[in-house]
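Two complexes come next, and they have one chain in common, chain A, joined by chain B in the first and chain C in the second.
Here is the complex of A and B:
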């Protein structure tokens, strides 16, 4: 089953492969949208989040990703980040949280 | 007085989540017009997003004011307030310090601390205002100028 959550500045689509594809900024406005999409997934399933179309994230967004990571680990699963751009990578580096995720792939900045 | 200064731009936003993006856009536009490089603009946008989110989450819900000050050729400075700025945005050498971690904690503010050189937190008329600045040139070039 596929579906989507959205607000004015971002949306999250669950694609046919079970990947959460995020479009837009993950901030105080977009974070709750991402969180809702993650929580709609089965807790014991691996979470894959495609960030190819994410060019901004702050600590409000990171909080949601870390929440997803904690939830997944509690159930023996993990969160994989796909197509991580420089903006997301920089925030993970600044906050020393890179090791909370599996980074599957990166992409060049726009 | 700060009125009319072309090196100081300020804008008020509603203290709602959508304003974090608008505040980033405002700061990006100002710094771009003033020929800041993209890496620096991205860092300032992250800083302003963190400060704006703080106001949106913890302010009184009325208003948020963002100021970009480029008066000093050595520094870019920004200020985010949880209400109308009641004090002039004056920058003097003795104004700046590294804010005490005890009054400046949390992951978001830790990011600000990581990206900025100086941070000042003021409470004026019941409104909290955070000012921060970073040198315009990277450290290895600052030394060459002195």
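Here is the complex of A and C:
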């Protein structure tokens, strides 16, 4: 099943392969949208999040990703981040939380 | 890319008063990045300013009491300063959610502070500009 959650500044689409594709900023407004999309997935299912179209994230957004990681690990699963851009990579590095995720790929600089 | 980053331009203060609406975080970042661009900050510094401003606002929204939030941007002597405040009777400066915020501010800002004075939460941060080369 595919679907989407959104607000004015971001949206999350569950694609046909079960990947959550995020478009927009993962901030205090967008974070809850992403969280809702993640929580709609089965807790024991691996979570793959495509961040190719994410160019901003702050600590409130990161908290949502970390919450997803904790939830997945509790159920023996993991969160994989795909197409991680420099903005997300930097925040993960600053907060020393990179190891909470599987980084599948990084986004090429534009 | 040429940049006016080495030219010192003082701007502001610019004061914005906004309701504690998460959707306005993006608006505040746009205002800050526009002002920083006018002030000659580099692309990397503008990214730091955007994150810093976002951290200030989210902390005041999440830990505030629902009152309006006042934010002031000032560029002076090569630094971008953001000061946010909101009225709140009780403010837990040690709240766990603020820890991640502090960690981020430590890296994106040259200095920052969070305190509670006269029933107002105050959060300030400065992002400096590289010296002319």
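Observations on the model:
Convention: the second predicted complex is superposed on the first by the 108 of 110 C-alpha atoms of A that agree within 3 Å, B and C clash if a C-alpha of one lies under 4 Å from a C-alpha of the other, contacts with A are read in each partner's own complex, and residues count from 1 in each chain.
The definition used in the following text is that contacts are C-beta pairs under 8 Å (C-beta built on N, C-alpha and C of every residue); 3 or more make two chains touch, one makes a residue touch a chain.
Only a predicted model underlies this, so the values are computations on that prediction, with no experimental measurement involved.
For the composite obtained by overlaying on chain A, chain B and chain C cannot both be accommodated without a clash.
By the document's definition of touching, neither partner reaches A:35: not chain B, not chain C. Judged by the touch definition given at the top, the superposed model places A:94 against both chain B and chain C. By the touch criterion defined above, A:5 lies against neither chain B nor chain C after alignment on the C-alpha atoms of chain A.
Of the two partner chains placed by the overlay, neither chain B nor chain C lies in contact with A:50.
Common to the chain B-facing and chain C-facing surfaces of chain A are residues 8-9, 25, 27-29, 56, 58-60, 62-63, 87, 91, 94-95. The residues of chain B lying in touch with chain A in their complex are 17-18, 20-21, 24, 42, 45-46, 49-50, 52-53, 56-57, 106-108, 110-111, 114-115.
Taken in their complex, chain A has these residues touching chain B: 8-9, 25, 27-29, 56, 58-60, 62-63, 87, 90-91, 94-95.
Those residues of chain C that touch chain A in the shared complex are 22-23, 25-26, 29, 47, 50-51, 54-55, 57-58, 61-62, 97, 100-101, 103-104, 107-108. Looking at the complex, you find that chain A touches chain C at residues 7-9, 25, 27-29, 56, 58-60, 62-63, 87, 91, 94-95.
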